[in-house]
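As written, the chain order gives the labels A, B and C, with residue 1 at the start of each chain.
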Amino acid sequence: MADNAKQTSAADFTPIAGADRAKLDDEKIATPSLTFLQDSWRRLRKNKAAMIALIILIILFILAFGSGFFETHNPNATNPNLANLPPKIPGIDINGFNGTIEQSGSRINAYAQANAGNHFYILGTDYLGRDLFSRILYGTRISLEIALIASFFDLAFGVVYGITSGWIGGRVDTLMQRIIEIMLSIPNLVVMVLLILVLKPGMTAIILSIAITSWINMARLVRAQTLELKNQEFVLAARTLGESSWKIAFKHLLPNLSSVIIINLMFTIPTAIFFEAFLSYIGIGISAPQASLGTLINDGQKNFQFLPYQMWYPAIVLSVLMIAFNILGDGLRDALDPKSRE
Amino acid sequence: MAKYLGKRIFYIILTLFIVSTITFFLMKLMPGTPLTNQAKLTPTQIHQIYKQYGLDKPVWQQYLVYLGGIIHGNFGTSFQFSNQPVSYLITSRLGPSLIIGGQGMVLGVLAGLIVGAVGAIRANTWVDTSATIISILFISIPSFVLAVLLQYYLGLKLRLFPIADWGGFMYTVLPTLALAASPLAETARFMRTEMVDVLSSDYIELAKAKGLNKVGIIYHHALRNSLIPVVTIIGPLAVNIMTGSMVVENIFSIPGIGEQFVKSILTNDYPTIMGLTIVYSAMLCVVLLITDIVYGLIDPRIRINK
Amino acid sequence: MKINSLAKLGGVALVTGLILAGCGSKSSQSKKQEISWMTPSPIATMDTSKMTDLYSAQVANGTNEGLLRIAKDNKVNPGVAKSYSVSKDGLTWTFNLRHSKWSNGDPVTAKDFVFSWQRTVNPKTASQYAYIFANVKNADKISSGKMAVSKLGVKAEGNYKFVVSLSKPQSYFKYMVTQPEFFPQNPKTVAKYGSSFATNATKNSYNGPFILKGWNGTNDTWTLTKNKNYWDAKSVKVKDVKFQAVKTPSTALNSYNSGKLDFTTLSGTLAANNKKNKDYTVYPQASTSYMEFNTKKIPALRNTNIRKAMALAIDKKQMVNKVMQGGDITPKGFVPADMAKRSGKDFANEAYVKAGTDYNLKEAKALFAKGMKQVGKKSLSLTLLGADDDDTKRATEFVQSQLTKLPGLKVTNQNIPFKSKLTRAQNQQFDLVLSAWIADYPDPSNFLDLMTSDNPQNDGKWSNKQYDALMKKSETTDANNESARWSDMVQAEKLLMNQQGLVPLYQQGQAALIKPSVKGVQPFPTSPQYDWAKAYVK
């Protein structure tokens, strides 16, 4: 077939002119180069539900931690003469927001009955006449503080435990795993209750007992991930370059563990909020006049038959918080999972 | 198998030993005595009361006596109920808790499996979305709120079920529903993830390629294989049920151990708190053991007798 | 003298039910002699030597009977004793017993009383209420182990005459013998069951209007069934009083509204919202809630002006009407109103000191400033201790918010389980504490004794020599002189209020719902609160 081949000459190979060269794009990387986090963020942004959850959480955080700004009243100022008033927003005349409430079968204007004058409370007042709206903001803050601090300790301890166990391996790992196995078969809530009783009920006791009893999950996940990473090439490379073992663990492993940690954190925080609410219910939560979402819901549920708003509003805030954390957690899991890269 | 069981039982005993030790010393750190009226008692009487509860001995001796007692199923005498052995207090109240706990677990897991499976089969449709919403909603409502709502609307307004109390199946319905919410939600989420994974796996693709009908594929392959990992979350779910029962038993006035636990906390009934803690741990250990064995039996990839 | 541990203990109660009553509403099937009664707490024990709580005592008052039986308007009715007489010096009480039977068929004799009283006082029994026998001759020495039990000042003359010797006269002794601690016990039953005596319904014998059934020792439901062996069985109309211990107040109300309960107690908002309900009723209690100052630990609280200022800063009227909202009323003093009367005059009115229970923030601020100057302090930071039931929590929050209106005073709350609170209060581990006291017998001394310097239950250790002298006089020189004794106590109460040894916050009243068809339940302002012996359903 050689004789059929067309003879080629140098003239056939004219270099592409500058203008044409620019048009050529086979050499170019089509998608912009993204770091891992940028990529995750891009994928997270595509997840509508997760973004809504994130926005809701940001709003709730701003409202809660800037509660001083948004509070319409001092959350701890009592005014028993204006106790148990239903929500009232001036100008809105819908049952539930016009200051009337069902009592023995008929609707009465609770504000007129209490001679409240020009006072109004957009979410009503509690049994001591404290503004429920301000208390919910304040309570959300306390709940979030408890959850965040507890999760931080739980994270710090769980991560260190997990890395240590997975990184050192061998006997230490076996022993540490046995300890975890034993801890797993202790109902953490019961231990939490005992700890709070010993430490005397209060914020510190609650934070400590939540942290002490809930790090196990984190430790297990981190350990599993560490074991996986341990044998990968970049670790081997660092090792051959003579980096110290601990430096590798914290400098190279930790960033690679970040997605596991972030995802787990998204589920730890709502669990902590929930535990706090549970502790309030059994009577060993935050002590008055401090409030948390848990104590507010607990106070509200006692009078649910007559003053349903006292339970509904804090319960809705708690549920929204929980839902948002859960959806965001799900979204982050998908976004941070390298397998789901398109 | 025998070797594995032996090992597991050894760990259970070790765990219970550690739990009893921790609770014993925590209780010793706490203020409070069986005395209601310390100020009005003579030293002789105080001594006598301490002696009755074995509190007159040094702490290490009390500890040994306590451990010895546990081996014989003796958890001491309740502070709250005079002369009532804690072991009797627990056994006489265990039944209702096991019934509503068991029912809640079974209902929650079954319903969760269905919701999760349906969500996975119809992945990314409105069915899936509503299944997800249901499960997230159920995770997000505290059990005491749910219990109050159930009691008020189903019990008082619609008069479908008794409001509170104990005495027959109808009485267990509302507490069971309240308890089932959390396992339902957790199982549904877990099941959906597992099943989506399974449905996109090679062997399902193969089965599809072979032209098996959809129902057959789902029933014979997908469902079974997604079910196996669900067994692993039974343990954590059991913990949820225990937590929930303390609240639910209170609200529905069920004479169970969850209600007793809360009551014991509020009355400083330390012997009962200790006894219940050990019983809770023992129950959890047994649940974990059973789930591990079941897991080994149904999952061909795991051989526990190795 | 029961500390009002559980009175209206909203948060900590229990429930139970009609076993197999079926579901749905079971409204009173016409004239079935059966009452469903809600109680907040289960029975702790039926051993009358070991009882420490109000709710067990209530049940015991239904199933057993002492020498006399408490009746309405501070009267006593004959019980096992047909009649009694008191010697001139007030030291010897002789009771003539009727021929009556235990539920197991044994006769109730004077020996059963001797047995029971000796058993309670015996230090080996470790009764926590043995001190209530303090006035019976030699009781103190016996309970501290210094004397043989047989030396107790009680004796059976034959089977049906029971003689008590007191160490000092006690005009209200007739009320004391109506209390469960003074009930007889069947020696055979006690011997038969040993340490498990009275730990469930069957391990006991009863001599009262009812027999206890269905109590297994730990459950939340039990029934008082008419006792056919009771001497006055013909006047007991109701067949069964079914008890349910209900833990959650809103659950109890829901159960009542669904027709499963014929009676339920209420407090707080639940009470406020039921005030227009035709079933709503309030049972006044001889019980005062008050705040104590720890004068031993906090020197500033020894200053009368500071104590007065703190008392004046608390608006008791607002507290009762807007915060507690149940059946509570504003206090007249430490001794509750309508409890003790003499020739038609109420003790609380006679001893009323306006300043002691008044509210005047302006004056409070002035007094506080004055007091702080006297003790040389600029600010004071105190912890307010209280139990953790719903009512007490609300009270603590309110009191805290009121006290912080005094410039320079900072108050933080601490709510802990009732028993821990009690222990801490009795060991002076507090700054301010909320306490409550319910009378066992309608005599002012029941309250006033609490504040004498040497009383172990004077938690705050407030001490006043004149007060001690007055109380001593009422017990000794004036013990047999009704009017002198009365005026001693009136003066003592006035002194206590003028010195503000404590701050009375409110007098408790039990708000409740009771079905109109249930008649004849006799309420008492003192323990045991209710008697069902004459109850019936119409």
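Annotations
Methods note: contacts are C-beta pairs under 8 Å (C-beta built on N, C-alpha and C of every residue); 3 or more make two chains touch, one makes a residue touch a chain.
Chains and their UniProt names: A, B = ABC transporter; C = ABC transporter, substrate-binding protein, family 5.
Being a predicted model, the structure only gives us computed values, none of them experimental.
Counted by C-beta pairs in contact, the busier of A-C and A-B is A-B. A comparison of C-alpha centroids places B closest to the centre of the full protein.
Here the CA centre of subunit B (ABC transporter) is 39 Å from the CA centre of subunit C.
Separating the centre of subunit A (ABC transporter) from that of subunit C, both taken as means of CA atoms, is a distance of 50 Å. The mean-CA centres of subunit A (ABC transporter) and subunit B (ABC transporter) are about 25 angstrom from one another, to the nearest whole unit. Each of residues 148, 152, 156, 265-266 in subunit B (ABC transporter) touches at least two other chains.
Among the residues of subunit C, those touching two or more other chains are numbered 11, 248, 250, 254, 388.
Listed for subunit A (ABC transporter) are residues 283, 301, 304-305, each touching two or more other chains.
The touching residues of subunit A (ABC transporter), counted against subunit C in their complex, run 76-78, 80-81, 83-84, 103-104, 127-129, 200-201, 283, 287-289, 301-307. Contacts from subunit C toward subunit B (ABC transporter) in the complex involve residues 3, 5, 11-12, 14-25, 44-45, 47, 50-52, 123-131, 140, 143-145, 195-199, 216-221, 244-248, 250-251, 254-255, 257-258, 260, 388, 417-420, 422-424, 426-427, 456-457.
In the complex of the two chains, the subunit C residues touching subunit A (ABC transporter) come out as 11, 248-250, 253-254, 268-270, 272-273, 276-277, 318-319, 322-323, 388, 390, 393-394, 396-398, 400-401, 413-416. The touching residues of subunit A (ABC transporter), counted against subunit B (ABC transporter) in their complex, run 178, 181-182, 184-191, 193-195, 197-198, 270, 274, 277-278, 281-284, 294, 297-298, 301, 304-305, 311, 315, 318-320, 322-323, 326-327.
Those residues of subunit B (ABC transporter) that touch subunit A (ABC transporter) in the shared complex are 11-12, 14-15, 18-19, 22-23, 26-27, 29-30, 136-137, 139-145, 148, 152, 156, 235, 239, 242-243, 246-247, 261-262, 265-266, 273, 276-277, 280-281, 284-285, 288.
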